[in-house]
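Given below, in the form of structure tokens, are the structures.
Both complexes shown next keep subunit A, but they swap its partner, so subunit B is in the first and subunit C is in the second.
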Partner chain A sequence: MTETIAIMFIFFVLVLFGLLFFFQFQKASLKEEKQELLASRAMDTTLKALFMPELQCTNGLAEQEINCFEVAKLNNAEVIQDSIDEYYFDMLSFARITIQEIYPDEESWEIYDKPKDEYTQIEPTYFVVALRDDLSGKKSGFEPYKYGYMKVEVYS
Partner chain B sequence: MKTKKAQIQLGFNWIYILIAGAVILLFFVGIVAKQKTSSEEKLSYDIVGVMDSIFTGASVAEKTKNFIDTSGLVDVEFYFSCKEGLGEFGISGQSAAIQNAIDPLFSPSTIQTAEVITWSLPYHLPFKVVDFLFVTSKNTKYYLIDDGGPFAFEFLNATDGINVESVNGIGDFKPGNNREVRIIDLKNIISAGTSVPDSLKGLGDKVSVAQLTSDGSVIYYKKDSDDKWREQGSAPIISVDGERDAAKYAALFAADSEQYLCNMRKAMKRLTYVSEVYSGKVEDILAYYQENVVSVPDEIDRTVMANCLAKLEGSATSSPYYIDRAFNTYKQNVEFCRLALSEGEPSQCSNLEEEAKKLFDLNNKESGLQGCPVRFY
Partner chain C sequence: MFSSKRKRGQMEVIGLVVIVILISVAFLFMAQFALKESPAKKIFTRKGLASSALAAVMKTTVDPADDCGLSNAHGALSLETEILEDCAQHFPISSTLNSVYKCGGGQHSCAFFEETAKTLLDDTLGEWNKRYQLDIEVVTNDKPKTLISFPSEKGGCPENRERDTSGTFFLRAEPSLVRSVLYVCD
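Presenting the complex of A and B:
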């Protein structure tokens, strides 16, 4: 009888060890999946921001120019920041999107900022864009295109 | 006595071992069954997540068709629904689903196929509002009852790669192995109460009609239990016409009027924010012309600036100028149309179409800003 109980005890201890190893493995696997999901979300947010009609260059008859933002629209994009909670959060989630001009000047625009309380990680993504400033070209004699990048930081 | 007691004890030992063994076996079988259910659920969430990323990429790739191999998912039925401005897609019978209140998506109600086809067109009113995503499949057949008009020709060219066939009348349908059939009736042959062709009766509820009317609306028909066409709903097509009219194509790809209007509601909501950005831009353009009409050194350039400024100001000598009034009226109609769609009154959006056409003419026609250095879109 005593031997039987001892065997059963050892058996369940072994099962317990097996379960512990299994749960540790699951934990590591979930952490890796969380990283993948964050990277995927960063890519989705960047794609959506790059193709927003609120920012994208148009070329008459509403043809879009890809990888190009209009400076006139950037200067009037405060509606995005003002409408985060009612609309744009569903599209862009917890993120910060800034456009930085590199050449010829160094102007910047923060068009979206919704930080997460107690975030653990920020995943930045950079994308080179052209900045078209139709309203300055004629005055200054320069071509209307400027050079810059978009920075999308996704919170986790 | 002792021998008898030992024999009974031996018997009890075996019974005890059997019970203990069965309990342990059941324990592990329970774990395996739970893990199997959990894995299947996780897989379905993964599938839906991946499809969502694919749809995001597909929707921004304007005027491009994507052919997605889903041969490993032929047993999976995807469903697409849209209610009250909130779209949802997921796997039938599973809890995995994704909701989307932003991106308009037009598709059959369910898709089960080895190849999913996505196509994106930008929706203009008159400037770009949002990309419309059309999702269909290799085994969804579109029969176009050709009226010989320009739209039929354009549709057949534009939908190259999609399972579309042109027919002359309603007797030419051969569904074959296709899972679903959509008849696009440009000749207005089909009406409520007329019989469904024999070749389509076996498809059950997977056969439908989208009929474009001359007054710019779409009417949907479904097969009823008596194998006759029953009108399912209708909706106005809110657009400024032109080539590759996304709203018109959306009406033809949408499952029914409910899905079409629900997604148009998403587009109108987006338009309220896009139009605010353009409203600010228009003010900057007005200021630009007002400044340059006096400061540009070249006399010819000053004349051009003056002509362009006159188009924007109209006959007004101070604010609000013509463009301000036109844009304010436009924004009011956008809001009005958005509310009308949420209340199920889409016919109230006709004024918005007129205002959008005015802005289109102002931006693109010779009587407007054509030839001007800066236009508003």
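Presenting the complex of A and C:
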């Protein structure tokens, strides 16, 4: 009788351990999956922003310069911000995109801002970019490439 | 006598079962941690950062305030095509006056490139808590020589660390070839 009770006890302890482990694992997996989905959206948004023809450097040919934005286009990006419509929302969803120049000067441009009302998390992604300033080049005969970065924050 | 022996045997079996359970639980925990892969975003970000950071550094043009003494036909001095090329062609540094361009208060092109690239990388990768290592070599017919090599303030990215590379950037600097690689790690 005592042995049976001992075996039953061990069995239930095992089942309890198993259940606890399973629920903990499920909880962690769900959290991780949510995190991965947000990270995946952050990557998508970053790539879409990096390859937006509205911002990318061009030289009059079909081929575009990768990881490069034109300052003249950034200066006019306010239009995009002001008229966030379905087109940009479908493409970028709830996110905030800023470009920061750090050399030689410090200047920043906010090119998209659509915050989520009640967000639980923000996932930032950074990318280093070159900023081509053709217009200032035309004035002084100097065609500079500035150094900066793009910060993409997605809301969940 | 027989019953007591049987009881002892059963207790031993129970003890063994408990030990096996403990070991199994420990293994499960170990497996959970060991099989944890780096998230895809982490890898994507590091790889993207390495190549975009080096490409941007190379493209960046020198601030006119850093008066380099001379300018090229277009008026803009690129860190790669002018300063790094000049550095490779006037290496090793024998005096501060032996490079064509003397930017930032008469510095040799190698010293100016190193100082500027370090500032730019520290202000971006360094600020985002990434470690990096920039290696630039001159390749001639002999053994490659290190032209510029520096790690981030937090330390470099040795081979035994999980790291991503920008890929190799080549620059022709007659009579040699310059090979640049940026490694980024966490």
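Operating definition for what follows: the second predicted complex is superposed on the first by the 120 of 156 C-alpha atoms of A that agree within 3 Å, B and C clash if a C-alpha of one lies under 4 Å from a C-alpha of the other, contacts with A are read in each partner's own complex, and residues count from 1 in each chain.
As a convention for this text, a contact is a pair of C-beta atoms (placed from the backbone, for glycine too) under 8 Å apart; a residue touches a chain by one contact, two chains touch by 3 or more.
Remember, it's a predicted structure, so these values are computed and weren't measured experimentally.
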item	value
Which of subunit B and subunit C A:A72 touches, first, second, both or neither	first
Contacts of A:S40 with subunit B and subunit C, given as first, second, both or neither	both
Touched partner set for A:I122, first subunit B, second subunit C, both or neither	neither
First, second, both or neither for A:L135, with subunit B first and subunit C second	first
First (subunit B), second (subunit C), both or neither touched by A:A6	second
Contacts of A:K48 with subunit B and subunit C, given as first, second, both or neither	first
Residues of subunit A at both interfaces, subunit B in one complex, subunit C in the other	40, 43, 137
Of subunit C, residues touching subunit A in the complex	7, 10, 14, 17-18, 21, 25, 28, 32, 39-41, 44-45, 48-49, 51-53, 55-57, 59-61, 63-65, 74-76, 78, 116, 119-120, 123-125, 128
Of all residues in subunit A, those that touch subunit B in their complex	4, 8, 11, 37, 40, 43-44, 47-48, 50-51, 53-54, 56, 58, 60-62, 64, 70, 72-73, 75-77, 79-80, 83, 87-88, 90-91, 134-135, 137-139
Residues of subunit A defined as touching subunit C within the complex	3, 6-7, 10, 14, 17, 21, 25, 35-36, 39-40, 42-43, 46, 66-68, 102-104, 125-130, 137, 140-149
Residues of subunit B defined as touching subunit A within the complex	16, 20, 24, 49, 53, 56-57, 60, 62, 100-102, 122, 124, 126-131, 269-270, 273-274, 276-281, 284-285, 288, 292, 295-296, 301, 363-364, 373-375, 377
